[in-house]
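Chain IDs A, B, C and D follow the sequence of writing; residue 1 opens each chain.
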Amino acid sequence: MTRLRLGMVGGGEGAFIGAVHRMAAALDGDWDLVAGAFSTDDGRNARTGTLLGLDGSRVYPSIEALIARERALPADDRIDALTIVTPNHLHAPMAIAALDAGFHVFCEKPMAMSVVEAEAIAAAAKASGRRFALAFTYSGYPLIEEARARVARGDFGAIRLVQVEYLQGWLSRPIDVDGNRQAEWRTDPARAGLGGCLGDIGTHAFQLAELVSGLSVESVSADLAAHVEGRRLDDDVSALLRFTGGARGVLKASQVAAGEENGLRLRIHGERGGLDWAQMEPNMLTLRWLDRPAELLRTGGPGLHDGAAALTRTPAGHPEGYIEAFANLYRAFAAAIRGEGHDRRFPGVVDGLRTMRFIEAVIANAGSDRKWTALDSGDSE
Amino acid sequence: MTRLRLGMVGGGEGAFIGAVHRMAAALDGDWDLVAGAFSTDDGRNARTGTLLGLDGSRVYPSIEALIARERALPADDRIDALTIVTPNHLHAPMAIAALDAGFHVFCEKPMAMSVVEAEAIAAAAKASGRRFALAFTYSGYPLIEEARARVARGDFGAIRLVQVEYLQGWLSRPIDVDGNRQAEWRTDPARAGLGGCLGDIGTHAFQLAELVSGLSVESVSADLAAHVEGRRLDDDVSALLRFTGGARGVLKASQVAAGEENGLRLRIHGERGGLDWAQMEPNMLTLRWLDRPAELLRTGGPGLHDGAAALTRTPAGHPEGYIEAFANLYRAFAAAIRGEGHDRRFPGVVDGLRTMRFIEAVIANAGSDRKWTALDSGDSE
Amino acid sequence: MTRLRLGMVGGGEGAFIGAVHRMAAALDGDWDLVAGAFSTDDGRNARTGTLLGLDGSRVYPSIEALIARERALPADDRIDALTIVTPNHLHAPMAIAALDAGFHVFCEKPMAMSVVEAEAIAAAAKASGRRFALAFTYSGYPLIEEARARVARGDFGAIRLVQVEYLQGWLSRPIDVDGNRQAEWRTDPARAGLGGCLGDIGTHAFQLAELVSGLSVESVSADLAAHVEGRRLDDDVSALLRFTGGARGVLKASQVAAGEENGLRLRIHGERGGLDWAQMEPNMLTLRWLDRPAELLRTGGPGLHDGAAALTRTPAGHPEGYIEAFANLYRAFAAAIRGEGHDRRFPGVVDGLRTMRFIEAVIANAGSDRKWTALDSGDSE
Amino acid sequence: MTRLRLGMVGGGEGAFIGAVHRMAAALDGDWDLVAGAFSTDDGRNARTGTLLGLDGSRVYPSIEALIARERALPADDRIDALTIVTPNHLHAPMAIAALDAGFHVFCEKPMAMSVVEAEAIAAAAKASGRRFALAFTYSGYPLIEEARARVARGDFGAIRLVQVEYLQGWLSRPIDVDGNRQAEWRTDPARAGLGGCLGDIGTHAFQLAELVSGLSVESVSADLAAHVEGRRLDDDVSALLRFTGGARGVLKASQVAAGEENGLRLRIHGERGGLDWAQMEPNMLTLRWLDRPAELLRTGGPGLHDGAAALTRTPAGHPEGYIEAFANLYRAFAAAIRGEGHDRRFPGVVDGLRTMRFIEAVIANAGSDRKWTALDSGDSE
């Protein structure tokens, strides 16, 4: 099987998420990283290329140079897809440029700085016929796919409650003004967008809640806070959710929950039972039932449907984690590009548009005295 | 040490909470149950008295008869205190009658049907000089006392986040119209009050959040739902909380979280760390810190302050549970009546007033388009 | 229902296990403690009686005085049963004296100092027609009863593996020579018997393993250690077990597992699945299956058989613990004395004889070069 | 950084462990798989090569062909190292041939069929000056390295207890005679060696216990069982261990613990505290202390020493699992070959020799009436 060729924008040495994308793409042997524009700092850019064993001629000073040169290469040499791992404000222009140039795009979230920008990406993807993937990594866990399928087939009956939370503590101190690069741009409205914690992790929580519940949030009532003095964007989000069909939800995301690591947890309850999944122990999905004992589903264990089982590499009890979940997205993305694997899902344009609408609705509501703000819906593939 | 004498109103055979009060009162040898008006059904009343080994002359047909006869007994024979375990609408008239007659009162929660009624109880307690205890049972767990003390002494720095949830599933089906006695009165506005789930368990969550955080809720934004068709009171509560000093909170309580048992959990985060306690595994309190490993405090284990250690009966690793927590309240109540144990706390008038204000604010807010509704504060002992 | 009358030997103020017996007897209202010989120290004896609210005339200086006086009282006044909570070397003479005098006996474990002594108690119990209960407390947990019933009805198929462990850390330091009363007698061969950790907690592990598996240990291969310098009895036990029918087992008990609290855990596996129960979280029993997801059984939850459900006082999610488990033994003991509750079990003569045979076999084996030492069996009720 | 070139013997399509080796080698970008002799079935061999995107000229029919051809290639083209993932009986001849030909070797465990064979590999490694790595994968977890370092620096004081267990259930049925390839050779003495469960997973348990405790097992007392009728090798191991310096241990490994997945767990206790680590939740290491609260160490979290932190790829709370642990071994192996990373450890000759001695001692002891059998020690690098 020929490997697909990947380029990357952003992700210079020391950047967290770029390295994760590279490991995720490498894990299953579907991708070779062959080109990049890793940093606007020439030295750092070159060092990253060397460290990754890239041919120096394909380490570019800018995305413009990368696109210009790569599209000029023979079809069996140039990159198939481009991964975008830059600060948020660059997502939309870069994604559109890459799609327009005929490359598939794997983009970090949030999709863009606004719904308008996200719609422009959606239009570019549609016009180009290229694939657009969004790094809603947690979608890639096998037990999230199991959870989604269980809800969809009605195991729990009609859904009544959705609780999703995402607790981190790493912004508990003003590290954003103390030289931490990650923290700095994430709390700068010009680069991060309107939402701080909201855009960075609130979007993950929202996307997962809609994905697994199969329901759409109709309206939100939200409270945003910036607990650390001088912080320009929210570091703490609380929201009540109303879903189509009457389900009620609570979303809590915080980056000042001191001592928490990466505490994403989703609980959904329906008429007959519910499910509970936590990202930090991702290989267990607890199902609770009204009239019989709770069950523990395990990655690779008995009782999973085929779609979830296919996302696992090792036998039950050999834990798979975050990188494996991420690799499942790259694998599905590759399969889609190859025209295979129609049953493998990856998050894309629709997830991106929904989360942008969520961000805008939360910000509008949090700044008002109105109880509820509607999300405009109507997004479809 | 002479035992105190206890009477009980309500709690006929088969009633859940009356039996728990009796076990809690018996556990530490502080109380003898000597009188009761257990049921308005004469046969059930008599059977309960016999089952409990009571002298038949002290099994009364009504609280009026009980009060009239007991106050006429010699001081060293009559009851010292009366436990009220009736449906909610009877709490206020009964408590006031008992206090006025000179008896101490241990009352089930919620305190009353309204803030106005609660204030009348408060006035009666003050006028009589008698003790009034409220069965906010979860306050009695040793690790809740530890948590409270840790927050109070500033271990976590200023508090930023409070998350409290109380998930049950037992009302997932319309059992309230299918003959379940417990369910029936709890969902009847005439007997339960304005709140269903809100009054029954939302109040526990609220009381615990204020107790441990040491903060007062200033305003709420809430969503109430009745998910089961035909239900007349809420069975599901979601609320955003704003606390004095800027902390933000989320309260979630539900009785239609199918498959959940009695899932009360409290998490509080401050500048430097946070705490996590869950009622179903009550002997563990997790402390997480920004810069050092999490710690597990255990009932009876090392690292507890004296006040928490004193609430434990057995060495670490011998689990104590719900009845023991309840017994801690009866023990503190007894100590207060005897004029001892000034360091032992039990919930009372102030907790009751606060929770009634919470109920009224949530109901007012949930029915309006306003984002926030203030709780009137100013309650003090 | 008339309460039964209980006397107690040992358990003076400050003693751990005496207080636990009193709480366990009080919890369900079956027993009134009316007499005692709590300490050979007259002052301590009197203070304990006063503290417990006993009539001073029934606080006796010795078990001899207690027996002589109580048997002389009218039948509806004298004690029905005697609880023995003294150091081990006194169990046999006291139990035999009480049985011979016509009192039922509830005795602490281990039953005696030797198999020979235990057989003498057994003979006395048989001759007297009185009940003899042994404080194998952990038998009283509802989920242990559920586990036992599940194995017995063949849910797991033929049993292959039994793993039982009991880890404590409180003897990690030489506190036995530093003034700790509990530690002191427990490590003194003259008062504790041949086994230290073996007799104190190894017996609990052994009894639970046989009870739940329904199998008998045929032979043991054991290693005993005294890790703390100067300690005269073992503080650490390791044993391989062979059961009738071919199941293999491992028993590990230690009192020098520094940092452990009261870590009793039992795991049993058969052809089709297995069970896992840990005393420190006693309200959960995990069942794992070869071909389907694991199940979580919960105290008071769905899926329990009636015998286990009957051992619970509160709805699921209201944790019951060690004292409640103990109270289940007192309740079953009372039921047996009253001639009721034939379905309620409590540990007695057979459990005591088996554990004494286990102690003797382990000690014999640990001191020899032979691989296996047989337990003489043949004990039956 | 130039990537190292890897060859592989065994691991044809469908084989579990070969695929894992490939993912582990790919994850961090240190290795390119360029050659292989994946199967003695020509078609399967070729298909595997194609699937992996290998140049067909480097897919060889046998290890002999691979070695002959690769050593003839230019130094900057031929493989640097060879991974051996065949049934056990081929490990020694293949490893020796590869070492003799000048290739570094990464071999599956157990090292060989006997101590004698293992010593021959050790001699070949020494003579060739090449690196020999053994796939004791669990050594690669960051928290195992943390645990090892904590014991080594004396955090717990002198070690007293070592408990290690490895429970699987997949051989609960006679699948070895029902066509399961994995099961078939693993239970065939001619291909698996003298030990079944003992060699397959008992060795992992033993290696981990010695690695982390820093102690050597002096003697064992063991019980082996074959619970499934007709099985020719043990499927269940129980052993008592005595360590140098007086520590006592228990090792339990089973492949008929029905319902268990891959339950490797290690607990070690010393004078002042102990540690607890379980492979199925590998990102948590619990430290318990005699006099202070237990601590939870987390992969990537605060409190780890540099050596453990360096084995982590993502921030705390982004779980890393089995493949990442495995990749840590490949990374350390690469660093050693490059002459870098002297602080990175990987298991090799010494671990292999020790585990072979353990296998032989257990088998000798289990078949005898002697209580203890010594392991010959004296192995050193």
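Criterion: contacts are C-beta pairs under 8 Å (C-beta built on N, C-alpha and C of every residue); 3 or more make two chains touch, one makes a residue touch a chain.
Since the structure is predicted, the reported quantities are computational estimates derived from the model, not experimental observations.
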For the interface formed by C-D, which of the candidate pairs A-B, B-C or A-C is equivalent, sharing more than half of the contact pairs by residue number?
-> A-B
Winner on C-beta contact pairs when B-D is weighed against A-B | A-B
From the C-alpha centre of chain B to that of chain D, how far is it in Å?
-> 55
At what distance in angstrom does the C-alpha mean of chain D lie from that of chain A?
-> 35
With chain centres taken as the means of their Cα atoms, state the distance from chain A to chain B in Å.
-> 42
Overlap residues in chain A, where contacts from two or more other chains coincide = 260, 287, 289-290, 294, 298, 301
Given the complex, residues on chain C that touch chain D span 156-157, 160-161, 163, 165, 169, 172-173, 221-223, 225, 227, 236, 238-240, 242, 246, 248-250, 252, 254, 256-260, 269-274, 287-290, 294, 368-372
Which of the residues in chain C come into contact with chain B in the complex?
-> 1-3, 16, 19-20, 22-23, 26-29, 50-53, 168, 170, 260-263, 279-283, 298, 300-301, 313-324
So, in the complex, the side of chain A touching chain C is made of residues 286-287, 289-298, 301-303
